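Pasting a structure here, questions to come.
By letter and in written order, the chains are A, B, C and D; residue numbering begins at 1 in each of them.
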Amino acid sequence: MLNSADVMPNWQAIIEEIAHEVGPLRIHGKIADYIPELGNVSSDAFGITVKLLNGDSYSTGDYTTNFSIQSISKVFSLTKAFSILEDELWNRVGKEPSGNPFNSLVQLERENGKPRNPFINAGAIVVADCVVSNTEDSLCNILRFIRELAHNDVINIDEGMLQSEKNYGHRNAALAHFMKSYNNIESAVDEVLDFYFGHCSIAMNCEDVARAFLFLANHGVDPISKKQYLTASQAKRINSLLLTCGTYDAAGDFAFRVGMPGKSGVGGGIVAIIPGLLSICVWSPGLDKYGNSLAGVKALELFTTKTGISIF
Amino acid sequence: MLNSADVMPNWQAIIEEIAHEVGPLRIHGKIADYIPELGNVSSDAFGITVKLLNGDSYSTGDYTTNFSIQSISKVFSLTKAFSILEDELWNRVGKEPSGNPFNSLVQLERENGKPRNPFINAGAIVVADCVVSNTEDSLCNILRFIRELAHNDVINIDEGMLQSEKNYGHRNAALAHFMKSYNNIESAVDEVLDFYFGHCSIAMNCEDVARAFLFLANHGVDPISKKQYLTASQAKRINSLLLTCGTYDAAGDFAFRVGMPGKSGVGGGIVAIIPGLLSICVWSPGLDKYGNSLAGVKALELFTTKTGISIF
Amino acid sequence: MLNSADVMPNWQAIIEEIAHEVGPLRIHGKIADYIPELGNVSSDAFGITVKLLNGDSYSTGDYTTNFSIQSISKVFSLTKAFSILEDELWNRVGKEPSGNPFNSLVQLERENGKPRNPFINAGAIVVADCVVSNTEDSLCNILRFIRELAHNDVINIDEGMLQSEKNYGHRNAALAHFMKSYNNIESAVDEVLDFYFGHCSIAMNCEDVARAFLFLANHGVDPISKKQYLTASQAKRINSLLLTCGTYDAAGDFAFRVGMPGKSGVGGGIVAIIPGLLSICVWSPGLDKYGNSLAGVKALELFTTKTGISIF
Amino acid sequence: MLNSADVMPNWQAIIEEIAHEVGPLRIHGKIADYIPELGNVSSDAFGITVKLLNGDSYSTGDYTTNFSIQSISKVFSLTKAFSILEDELWNRVGKEPSGNPFNSLVQLERENGKPRNPFINAGAIVVADCVVSNTEDSLCNILRFIRELAHNDVINIDEGMLQSEKNYGHRNAALAHFMKSYNNIESAVDEVLDFYFGHCSIAMNCEDVARAFLFLANHGVDPISKKQYLTASQAKRINSLLLTCGTYDAAGDFAFRVGMPGKSGVGGGIVAIIPGLLSICVWSPGLDKYGNSLAGVKALELFTTKTGISIF
């Protein structure tokens, strides 16, 4: 991937340039407000962290400020579910891009309650059910898992956010009941939703998220602790899913412009990886029309342009 | 990408192993017959060619037998249209996976006549219109272009196939008229369809196709002739489109299992590339339920497994 | 409507002929089993009652056997909601046939949570919410209302059925949550569903149902008690809704073959009216592929043929 | 139907009142302009004709001005096709309301090329194919048929309109090719479209249209000439189709407000019948958002209100 691999880029200089260049974009995004609690952030926040496999870390801006990880959490639960169920997971959730807005019921109905992929909400709810139905004390369990991946023991659920999610989560409740009617939810709907809303409400900062994704850039193995979370094949497969489905209805555009496997959340965070090299997390709360961080996507596009790094 | 890059694989040995292993699969695929002429092939044919950027070529099986390239042709017309219209092309065709069978009209209606991407039939018809509306003698022109890319002057249109396409092409005619009603087709529908059916009916063999795609593995430049067909950025973008949309409704599965940008045709051919390294074409006419060569997809999956090469 | 109005048909003879003729059909229908409790009926049951405006009543077969009225209840709640909200009701639910299976979510999503008509499940749930949000002790209230309309004080909810409905009602729960996400459900989802499942689980016989619908054949006024339930205009409008939307995805076929406003339930009951003349209820539990009583629809078709009565 | 049948209404007084009352509405409708030629009419035109079975005729306003009958023609071709193919017709076209805009392809794709009903464009094209494939010189033939029904030998095709239709008919061409791909069009697409556009381009006035529909109010028999065009059962069935599907996506609302079987065209004409009593044609070119004449629908609603006549 490193098209001119001999000389390493000056990472710190590059991310500072990027922060400078995307600065004006921050105010053009729209902060998510479908859940009131999401609206309580400063619209001009921007942070970025790059982590190399050897542990080197480069950051600038609001990289230590916590934000709501929202859908980024879906990668953690998917990792858990994939490691537990292995390929049986794919009997319950597909691997194809959805071609529809992330909360659409149409596709789900046409395919008898099997969501197209693990990153649309319906798919993430099925994945949540897989975790809930196969682990004890699931929400604490996934929180501990995330703390371990991020090497940060004070990561926690934002309780205000959690309450807000539950009050405004009727569409997700609809999805869960709908899939339950097709027998594609095993546990009780309320338990699955508690887990789902809970892990979406976790707050992390750019350093945490970049650290937590490093194992996906390293064949499923944490490059520092050497602990293996997925097989090399499983890690590769999650990366391919991130590339084709990780950014809602803009996955094609993201692959086109950025060219890295990545996952976004409506809290304004985006994390991406370059297999064999690095992970990167950027955060800016203003969103584009697809629900991805406006300044964040641009920052990642600049990152691949300036470094000449891309998987394509 | 080369996960253990120091030692080159023994390419010839690997493709011969693959040919042996997928052998039994050949008869399990279903030969396309929606156009009668497509049915006239031997179901146990199998050929494969790998071409490295330095010109080295490795082949086995029926790699010199011509087959109908069908949708593989869409990459050639896209290359032509992209080089002519540059980013204005994307005003007329999208960049997102379709999430629906390749001949669906639903998405098209929902999005006012703008196809989701250049590889679903509707998108390829718009691309065809872009070529027809901006070149003289378009079909001869694209044929000359393909001959040049493949470095083979005897490549030609299979006239029997062309006639067969036209007689059974009512669904494509419907798509063209439908998009014309949204003013997304400039030229006369008949002219656009003549070009479209014409370039789908071109016959090539594995060596031709692998050779013709080498420029996409080399930043848009033919690595032997040094002629530039696309900018590096454009080549990278076509590769990302191939990965997210190149194999119909199975693009996610293809990325998941194979992990290379690729394009398939219902004639049983599949071509894929590893940026910076190689192109590979495999042909076996029996198709899986998504319309991709059954033995061909398996062969490519084995290729990435055996070589340890993947973009992820 | 009475095409040869001078001489009244021999009603008793006609319904006995019909019962005889449709007899063999009874076993060809399929008893609904998506709710287990619905399966506990005798497949060869058949009953029919005709009630004239003057109170004359003609019956044959199992017309005193109770059956689960299921969706027939939707007409009672619609009557209640229409009389309370008047034309404001139509801001929350449409008046158009759905053109999709009765439990489809597609249309609902396309139209921002406003169901197409009051007889598809989504529409009936909105109507249920209208009743729940505007009456005290709603379920008892509607039960009293139905008893009054039918002039039978022992009509009741089948508690076994109610429990069964609740256990298998995930799709209806999905619909309710989905519409709540569009703010088209005012009360709590659980309260609305309790009412909805409750009134669907009421058990009545052919005589009860025919009696209860007589006011719709008489401009909204009970022809015996003279009590007015709807204005003449409202009654006419409910009749037009019954004709265009009363029999799921077979409303067109029902209008075509039978030509009377009518409502069916998956318990096997169908009720229809001839404005200015009569109501008729037929019950036979075996259903056709659209969820309407197979023998019941045929009986009504024979009824219009033999009597020469039709609104067309 | 005549709810107080003893005294006939003063028809002439009623239609003059109606013309007066809907006068201000005329300018609020929007004249169709998707075909340029349709735009060439005076927006304040308004005409109405009522014809009783005994031949009595009452008219006011611009009832002798020709207008483009557009989709009203679909009833004439349906009558022809139904009399030729009888119930075999329903193997090729359905009888259910569509629940989608009149030009939708979605439903068609879902149901394998069989249109939902004969009045959506796709259904009318199949009906046109039935006529074309089973009559000689089909367009002249249907024109003679319409002249005979209307008892007016100078009715003709508006050639300017026909040319305009053909130039802007890409969506209908798309529908025809699409259904041809499902083998639901027998003749050549061009022939079918020539017939279809041709009979839509016929110009008639209110008197002509009301006269031509009188047989549908009289069990399929012209009440004056006594010639039988359909059986009583067939006439009743076309009436039920007109009620459930005759006014595009507003059929439910039309049944709700007007309560008569009727058919509208984007030229601003609407025709309706009361079985056993009369036919009525109203014309005013300004359309509502569903494509039905705004003043025309209101006039028919007033007609049923003032006369107390309705099928419900």
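Going forward, a residue touches a chain if its C-beta (ideal position, glycine included) is under 8 Å from a C-beta of that chain, and two chains touch if they have at least 3 such contacts.
The structure displayed is predicted, hence computed values, not measured ones.
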Contact-graph separation of chain A and chain D, given in steps at minimum: 2
Interface numbering overlap (same over half, different under half) for chain A and chain B: same
Relative to chain A, chain with the most remote C-alpha centre: D
Averaged-CA centre spacing for the pair chain B and chain A, given as whole angstrom: 32
Whole-Å gap separating chain B and chain C, where each centre is the average of the chain's CA atoms: 55
Chain centre separation in whole Å, for chain C relative to chain A (CA means): 48
Sequence positions of chain B contacting 2 or more other chains: none
Set of all touching chain pairs, with the criterion as stated earlier: A-B, A-C, B-D, C-D
Chain A residues touching chain B - in the complex, by the definition given at the top: 1, 3, 94-100, 107, 116-117, 236-237, 239-241, 243-245, 249-253, 255-256, 259, 261, 275-276, 310-312
Residues on chain D engaged by chain B in the complex (per definition of touch): 104-106, 109, 170-171, 173-178, 180-181, 189
